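Here's a structure for you.
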């Protein structure tokens, strides 16, 4: 009954996605299918759509919870708002004035305010900071984006918002079968975020991101992001010296310490490894990871001082971590 | 902690999808996320792709397990093989000679032989006869369909087979994040099907379909399919008399007996109700459902003889049900 | 990953215990261990002890939730209240006036009123009408029983109430490690019972018990309980004709129809089979079971009319089953 | 849906019991009740009894898997082998020459060899190094202990081995209802131990125990065990200076860092806190805990150098931790 490549104890999952799922979400998803045409599923959906708007900080937006990944959510955002021939500048500025935002790594992790910032379309994937399994792409469209979707001539069927809107109007909500399990999982994921407080969740991400950057610095490695304004509170990419293969860091972490780190991709392949620190995560989990990275660095021949990164991170965390509100 | 609209005992789920998930599949999916770039997930995927071919009865086909629903799987099948302007006759005959088959309700339920029948593309959804949650669309392409996809000019990004094929070649298998839970769920769903024997699964569907049709006949209702060759072993649509609203049958079943039946759709709305009998299901579950339908029919004013449908179905099942092989 | 002796579809569990666990309870128990000395577990325990009193209908009793089975709960009840040499009449009348009641099959299933009836000790097991896994014996002691326990000279250590009372006073509640999972399972089991309403739960047991007795009668079998006042709403024992071995009925039900029935025990071994109809169960589940029993009876050579028992039961249920309150 | 006293991220459970349950065991237990009189449960039990003997390193012993806690297992061991009036020296030497061993914290964690050492009765509880929920006490009796039980005059009913032996002979194995969930959980717990290798499990405990003691030393705290031969590889009790209340260490760890540590009990209450490091646990989990303890010590006013304990532990672990065999 052991899974593939079993190792004792917990796997330490620190890739930038998919992320650790909190136990209450796993529990909520541990369930049978249900008829999505019964009154129960629309009732659940209706409340979810209202609550999802809160994580985008919008009151005027219209969310779509699409059975797909972040990639599909992107396709949905683009094909519903653009037409062939439209000029798109880095996917950041489109024809209907246009601000599209890839919130895949930021919604529920970084400060994000759809209405206040005038964002037209924003999106995320369930396996990112929402801390759920993969399978739900959430797209949120501003009134202007909805308007644009009426005339956009890009081809789309599965990802077409029109179908959703039609079923929203009917009160049945689903043009095709949703995952019952993900709906209940989202319910609990949102409950946990609201209980902690969205702003506290963002602060926790900043705390863990800062701690990680301090550890990387203490190890004498440089951050792949060279300017502070580019720093990410969801993932840190550390550059290894030229004599070390960062892919070996990742492989070794997994083989010896049951630790999953992220590979460098494309042009930084072999040069950086990434520590994902997003989602439902706390200080001691991160410190366990950082102590593991230290041992791995030593193993692959980098002259790290064991305990140095953990000490730097802990010094910061020990000053900044609040008491757990429900336990005071 | 009770769910929305709680009722005592089990919900009897007899819609044509999503269907009942067997406990071992729920158990297998009760798990954390994993890094899909670790060696474990490709190893699991590789075996799954081989095993999935067995349920299509193909050795030459190439399967794609796409994070989407059956609708998305259809879009994937069409956009990868057709170009704008191609003539498609009822989606059955396309340009590359072309046999596309919607196996959403038949794969793992009815006799289906992709290679032997020369099918070019076939597909199913995880929430149908595979008896899993919604979220995985499985498309299987023949060599000819793969060839056609190289020149097909339909627009597709998320659903593009090209990306999958590139990652198959690399041995990492996934162009974007898969649902770890659905992969392990599929592993167990296939294990159960292979343990029962795919042909036995098909026979069981025929047995339960036949029993249902006998019950409908005993109740004096007519089958929406008027010719025997149109009968389906996965769903039975029963026509109610004009003075009865079939939507009321469905509503009442759910409100009084915790029984989920399927509505009639589109032009048979209000005129038929549907009994889904596909997926991981056995004789006594079906007989429980049929006894419920009898009571509902009585409740809505149809002069049914209680026990009549169950007796007809049981007479047939009692002659045709084999012993459970593992228990002999 | 298939379990021992796998069969397709659900197992129909109709023994008098352990009984079907509702999905929300399974879900609630799907969890990690916790430190039982943290503030969370005593807080949970405190509320559970209050709520457990409600299912005994007592306000003056003191409940003990002991990590054991019903048998152990009995030993706890006896050893804490009796001394060697005490005369016990059929375990019903003991020295301290003494009314001990074995509620193993009745608490949460039949009308039971500890305070009103002046019961001194009553008990149940988690795997009975509470519809949980085995492992928690719940004993409830009246003030008089508590008083008697101070002087009772029977030997007991693990089952001694004194230890519990000491930890109750300290507010930590547990003299030794409880099952965290069963505590959360009990929380949900009680939630479900209170949502349905304890009196409605009792009525449902009466309804299902009556329906079962009508089916047995329709089959032409006699009830092992020969007087109506002995009828049980939790289990029905049907007497088979001398030419039939009731053990074969039970074996065959399991081998062919995935149906678990109860054997006759001791002097009725081979002569009766038992249908358990207690716990979290509904009408269609029972009718599925009854249709299965009919087919089994036919298979073992008893001249049953298929559909007869189901028809008799359904006629009664169709007149007596209320709408599900949360769905009206 | 959040539990009592919710905090973000995982709870770090480092009490000496109950311990962390591995996900595959939680998964295996996520299931319905079953009839324990069907052929499936005895078949499972038979193999479990054989496999349980391996963790005691006995071929001649007879194991009993009793629905109780470690305390109950002790009562079972004593009452079955001793009679009133027997002299028992510290529970270590009894009348039938008598070596009874409390293996509650050692079976599956420390080197233990029942046959080779001539142990008469040994026992453990499921929530200890087996890494399961509480609820199963496992007692293993030597042939001599079994012989003694025939004449022992201590009072016992629930804990009586005689009943078990009678059902072992019949091949049904259970004198009363077992927890189906714990049986399947034990199956998986043993699978994981055997896959890792029992001797490797013991080595891992030694490794984590040594690392913890090095951390305690680096913090400048003394170990409550003053002689090396008393050191435990399952729990370490660290003595705090007189100006610090160790209970405050435990409370604070839980309130600020979601870390569960063990209190000092009885005469060391307030003077020591305990770090449990037994069961299914790995290096990075422990290092996360140790970094948490450091921050807590700083918070309560102890002049600890952050990173010092982690560095000492990591230096040792980095030299002694093997690659994970299944991942090489």
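Should a chain be cited, it is by its letter among A, B, C and D, assigned in written order, with residues numbered from 1 in that chain.
Simple rule for what comes next: a contact is a pair of C-beta atoms (placed from the backbone, for glycine too) under 8 Å apart; a residue touches a chain by one contact, two chains touch by 3 or more.
Just so it is clear, the model here is predicted, and its values are computed rather than measured.
Both subunit B and subunit D are touched by A, C. Remark: among chain pairs B-C and A-B, B-C carries the greater number of C-beta contacts. For the pair subunit A and subunit B, the distance between mean C-alpha positions equals 32 Å.
Each chain gets a centre from the mean of its Cα atoms; for subunit A and subunit C, those two points are 46 Å apart. Mean C-alpha positions place subunit B and subunit C at a centre distance of 37 Å.
Counting partners per residue, subunit A has 1, 3-5, 20, 23, 26, 28, 30-32, 39, 254, 327 as the residues that reach two or more other chains. Subunit A makes touch with subunit C in their complex at residues 1, 23, 26-28, 30-32, 39, 327. Contact residues on subunit C toward subunit D in their complex (touch as defined above): 3-5, 11, 13, 15, 17-21, 26, 29-40, 43-44, 67-72, 75, 125, 127, 133-135, 154-155, 157-159, 175-182, 184, 254, 260, 262-263. If you check the complex, the residues on subunit D that touch subunit A are 1-10, 12, 20, 22-24, 28, 30, 187-188, 191-192, 195-196, 201, 204, 254-259, 280-285, 287-289, 291-292, 294-295, 298-299, 305-308, 310-312, 314-315, 317-318, 321-324, 326-328.
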